[in-house]
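Please see the structure below; I have some questions.
To keep things simple, chains are lettered A, B, C and D as they appear, and every chain counts its residues starting from 1.
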Amino acid sequence: MANSFGQLFRITTWGESHGGGVGVVVDGCPPRLKLTEADIQPDLDRRRPGQSRIVTPRKEADRVEILSGTFEGRTLGTPISLWVRNEDARPEAYSEMKSKFRPSHADYTYFAKFGIRAWPGGGRSSARETIGRVAAGAIAKKILREKFAVEVLAYVKQVQRIIAEVDPDKVCFKDIESNIVRCPDQPAAAKMIRLIEKMRRVGDTVGGIVEGLARGVPAGWGAPVFDRLEADLGKAMLSLPASKGFEIGSGFGGIAMTGTQHNDQFRARGGKVFTTTNYSGGIQGGISNGQPIFFRVAFKPVATVMREQDTVDEQLANTTLTGRGRHDPCVLPRAVPLVEAMTALVLVDHALRHKAQCG
Amino acid sequence: MANSFGQLFRITTWGESHGGGVGVVVDGCPPRLKLTEADIQPDLDRRRPGQSRIVTPRKEADRVEILSGTFEGRTLGTPISLWVRNEDARPEAYSEMKSKFRPSHADYTYFAKFGIRAWPGGGRSSARETIGRVAAGAIAKKILREKFAVEVLAYVKQVQRIIAEVDPDKVCFKDIESNIVRCPDQPAAAKMIRLIEKMRRVGDTVGGIVEGLARGVPAGWGAPVFDRLEADLGKAMLSLPASKGFEIGSGFGGIAMTGTQHNDQFRARGGKVFTTTNYSGGIQGGISNGQPIFFRVAFKPVATVMREQDTVDEQLANTTLTGRGRHDPCVLPRAVPLVEAMTALVLVDHALRHKAQCG
Amino acid sequence: MANSFGQLFRITTWGESHGGGVGVVVDGCPPRLKLTEADIQPDLDRRRPGQSRIVTPRKEADRVEILSGTFEGRTLGTPISLWVRNEDARPEAYSEMKSKFRPSHADYTYFAKFGIRAWPGGGRSSARETIGRVAAGAIAKKILREKFAVEVLAYVKQVQRIIAEVDPDKVCFKDIESNIVRCPDQPAAAKMIRLIEKMRRVGDTVGGIVEGLARGVPAGWGAPVFDRLEADLGKAMLSLPASKGFEIGSGFGGIAMTGTQHNDQFRARGGKVFTTTNYSGGIQGGISNGQPIFFRVAFKPVATVMREQDTVDEQLANTTLTGRGRHDPCVLPRAVPLVEAMTALVLVDHALRHKAQCG
Amino acid sequence: MANSFGQLFRITTWGESHGGGVGVVVDGCPPRLKLTEADIQPDLDRRRPGQSRIVTPRKEADRVEILSGTFEGRTLGTPISLWVRNEDARPEAYSEMKSKFRPSHADYTYFAKFGIRAWPGGGRSSARETIGRVAAGAIAKKILREKFAVEVLAYVKQVQRIIAEVDPDKVCFKDIESNIVRCPDQPAAAKMIRLIEKMRRVGDTVGGIVEGLARGVPAGWGAPVFDRLEADLGKAMLSLPASKGFEIGSGFGGIAMTGTQHNDQFRARGGKVFTTTNYSGGIQGGISNGQPIFFRVAFKPVATVMREQDTVDEQLANTTLTGRGRHDPCVLPRAVPLVEAMTALVLVDHALRHKAQCG
């Protein structure tokens, strides 16, 4: 169903922006994995509002509680229920949204679909929904790291027209986390931060690209024909709020090349196969080939701007709406842990599926 | 599982390039729909090899047979089994591939995953697998047309650096089908054809972009949070052979804009809501907003080139391989019906899901 | 996955006997349904330990909280998260179970499967897990009642050898709830209560049969071939703790008849079709035929007895174990709301599926 | 969806009694398994009409063809498509059924659900649909035997009131197949055959019980809480045509016992755990405990009798209908391979699921 993701490592998220909180149930986790809140909280802190001067200021501690699925610090193999309470709920800040649809938000479409909407904070379409994903992703990353020696990373590759230079083979977590925009190219990061600060001052927003990366994935994960690894990664990324595009390996840029140029030729050394280029992005025919997997996700500039805009109200009368309250000038720094989380969820699911059929 | 797609309108494809044929089982089709082979064959003819001088010459009539699920020309509501025999199977043409992995094909990864591979024609990774998708998609398009007044179209938007000008609001099926490259911009089409012919002469290949389009989708289809309409469309497209990227609405290009520029402002007229721009591509918060849905799919230049390339063999020794036999210089003209099919499959599935929960 | 049930109205339960609580996420609920805790609590009270002198005395208020999915007292169409805290957790009462496997409990098999077990209270195999089912079932029953005019009932049909006489066409909720054993045949109920009280005194347990019933189901629900309505009902019932058998309509007893005797002949009156007998139990070919649906579920005598029994410990040494602490002499009175809940979950799921495909 | 069964070893069946044939697609089969038609045909022959004087005389060779998923006699890990043509289609024999609903058949309910029905031979509700299950089950049995040393058996335990004595620990395939009713108790078998022959002479039918058995299943297969092994077995059996009940281990008979009597006490010997009794039927808490798994399935007397019966027609007018043509006096001998097949499908699915999560 629509609020579940994954086949063997399946998560189900729940929760609205305002109300009892947000959470996730993780089903299918292998047993006996060491797991406490301390394994999960750091990623939630990286996703948290108010973490720096360039992100939305909502004040939420976002403390995760494990309600089930572990015993004496280890997973039981039963569903892991994770919960984060809502704290900074200020429905009054949204009173104007009660009857008006914010442009390019989900207000109108939720109303069109369900005939009802939780207007405070966007309800289910709020970015708070992604807390469950990040929490579950932290478990998935731990499994990948400990059981499969796979490392998942993500970083900001581009903010509007500022493009970072990053070597996917060498980039490391420390460099990514060394600045508040989560871009490992420090000069580019500085420019990005300046641009985002300017956007906050003028009440506007910018988008960009997050690059995701998985190193150490063995050849053989993925599954023809519909659940190709890149198809599942693409779905995962396109299910993120504000994402508008996904490309793997050479992506849209590969169109400029001919087949002869684009083919990744094989070589073998010491009983190991590798490719001399990696335009494929580590996946061929929907299955990993042992090379690093990398892809890019386009995020639009988020829709909440501090300007007056045309819109309609619930009675379908034309009106205007001026954004107020919290303003997130650029979603990318907080999208980084989210891209990591979704990548890890896809990979651990396929790792288990591969084990089931071919292990 | 990996060879099924869709939740309520679910297809399961089967078949290898060589062997008894390829087919699909369609489960969940509404009953009493008029359906005969004549509803399906035209799309298979548009996908067929040998249909023009710019596509692969494999000689297959690709005649579809309905084996079950209809009675006296109408659907029963039971599984529809569709079958196309393989005819032009020439395993001898692939004898060199028996022990060598073709670069950027799925030969190596299938072998790495399964420890066995059907080397003639690429086996399951052959484009013939998509016959089942196109056949099922023809049924889905018919349902959309007759029960929901939704029109699905696709066309070639770009071949390498040749970009067509197409107005998504006005483009029609006739214009798309008026030339062999399936590009409704006739001057661009002529250039594309010349480029593809040149590629065939030199034994190389080119990629490009297919644009997909759905008009008439009402507001409300799609489902937060993981099964967003664009996420399911993205997965559908990224499950196509040779696809490397997907973007919806403004896509990667929207990154250059600010939020103020990018927001689609609402207006109402005569009780109908619309947006004055459509950077969203017809989907907001994962749910259709009533505007046209459009997206682009990047296809790499296909991997079979008539050149000598480095590769390895099954014993992991370095060697070379020269492409021989059938050569498809550009997959795009035949990808058009495939993009349509997958679009229709996603939409009809969400139409039924919407009816179930909110109807 | 294993902790989810249903396709379109899907529930996912979580929680162990001891720990943060137990809960359920309900995905796919139609929007705009009036729903508060008051719609759910009564069924939890019927399932609650300590409700009468013939059930287990664990002291839990089992207060349900709706954490998400509603707004201003109506469902949003988004996941409904329900939570009940654990209160009366007394792990010390289970200290002997820490290293010994209780006979005919799930202690050994959980350990064999997962290599770890939450020994206090049986962990996930505790009957507390069913709280989530009952809570979700209360929502399902409300949908059936309000949107489809379908009534779901269950009652105790048999305790050990005491068999109640019940007319499935006439039995009503009030009669069922008029005594603590939930058997609408009052003389039989009195005997059952005496038997259960005796069992409690001697530290032993008894099993029996719960009969489930759905009236008002229209012809057409259900789905050939694997998801037959009786197959999904059967799975639902056999997923209940302590259940050992399921039969629909004539069930095992129908074996004594010949086809001529067993066939339910059709008659029509006033444009309505009915059958003159109902050995089919309201389902033919996996699809409801408009007659009342009824079935029986066999529950074994529960395994916790206050006697010394042979068993083994985690080191696989032979030993003995004497049951202590809470003793539930007969699970049947509390199984009644559970059978109702699972019945309702199956029916509402099929109602939505029918609407999607044939509506 | 309704025509698929299993999660990781998933089958999708298709086909009506009349039309292009019946078939199945098997997805998720492990690669490199030796597989040819010769592995499948014997079970189809055991299911085939006309195999003996006590079963329906429809003349079908039921020759299976593997259309995909194997290469050089081994499975590829891709979907295996199996097909059996329909041959003995005699729609004229059903002309009276064209407008009248056969009592206790699925004619009426299919029509109520779908608004259309394939009246010749019952269409999709025909027992021919089970051909796909038996074919897929033959593959599942092979995997269980070769990869897990698990043996699956089934036999006729009871025909009407004739009950066989069978020791589940000792019964073997050869004894079961030594007579045409597939009952390993030879004196009982003789009586059963006489009863069935009598029924054929008088144009009536009888039902009974098939007992299913799996030996060698290790402790740990199955999955709490909804996909308990007995719940999935129960669903599998209740999805069979004419089945009305399922019980595992002590089943309905266990109700007569107290908990003290019913508990299976554990003992260990040589590092192996076993139970001194097996009222649990090899499953506790939804997970196998290493003891033999056994269960019983009740089949009603089949509905086609050579008598005049009351019924209604499509215009809902009262009428009568007299059964003609092929008459199957007892479905049990042919249900035996079907029970085996469904048992094997459930077990192999859970074997793969166990490997994925806990392997």
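Quick note on the criterion: a residue touches a chain if its C-beta (ideal position, glycine included) is under 8 Å from a C-beta of that chain, and two chains touch if they have at least 3 such contacts.
Since the structure is predicted, the reported quantities are computational estimates derived from the model, not experimental observations.
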| item | value |
| --- | --- |
| Smallest count of steps, each to a touching chain, taking chain B to chain D | 1 |
| Repeated interface matching B-D, over half of the contact pairs identical, chosen among A-C, A-B or A-D | A-C |
| Contact-richer chain pair [C-D vs B-C] | C-D |
| Farthest chain (mean CA position) relative to chain B | C |
| Gap in Å, rounded to a whole number, between the CA centres of chain D and chain C | 26 |
| Whole-Å gap between the CA centroids of chain B and chain C | 46 |
| Sites on chain A at which at least two other chains make contact | 1-4, 7-8, 13, 28, 31, 77-78, 113-115, 124, 224, 353, 358 |
| List of chain D residues in touch with chain B within their complex | 1-4, 7-8, 10, 12-16, 19-23, 25, 27-28, 31-32, 65-69, 71, 74-81, 83, 113-118, 123-124 |
| In the complex, chain B residues that touch chain C | 7-8, 28-31, 77-78, 224, 352-353, 355-359 |
| Chain B-facing residues of chain A, complex | 1-5, 13, 101, 103-106, 108-110, 112-115, 124-125, 129, 158, 160-161, 199, 204-209, 219-228, 230-239, 241, 244-252, 254-268, 271-273, 275-276, 279-281, 283-290, 298-305, 307, 309-312, 316-318, 353-354, 358 |
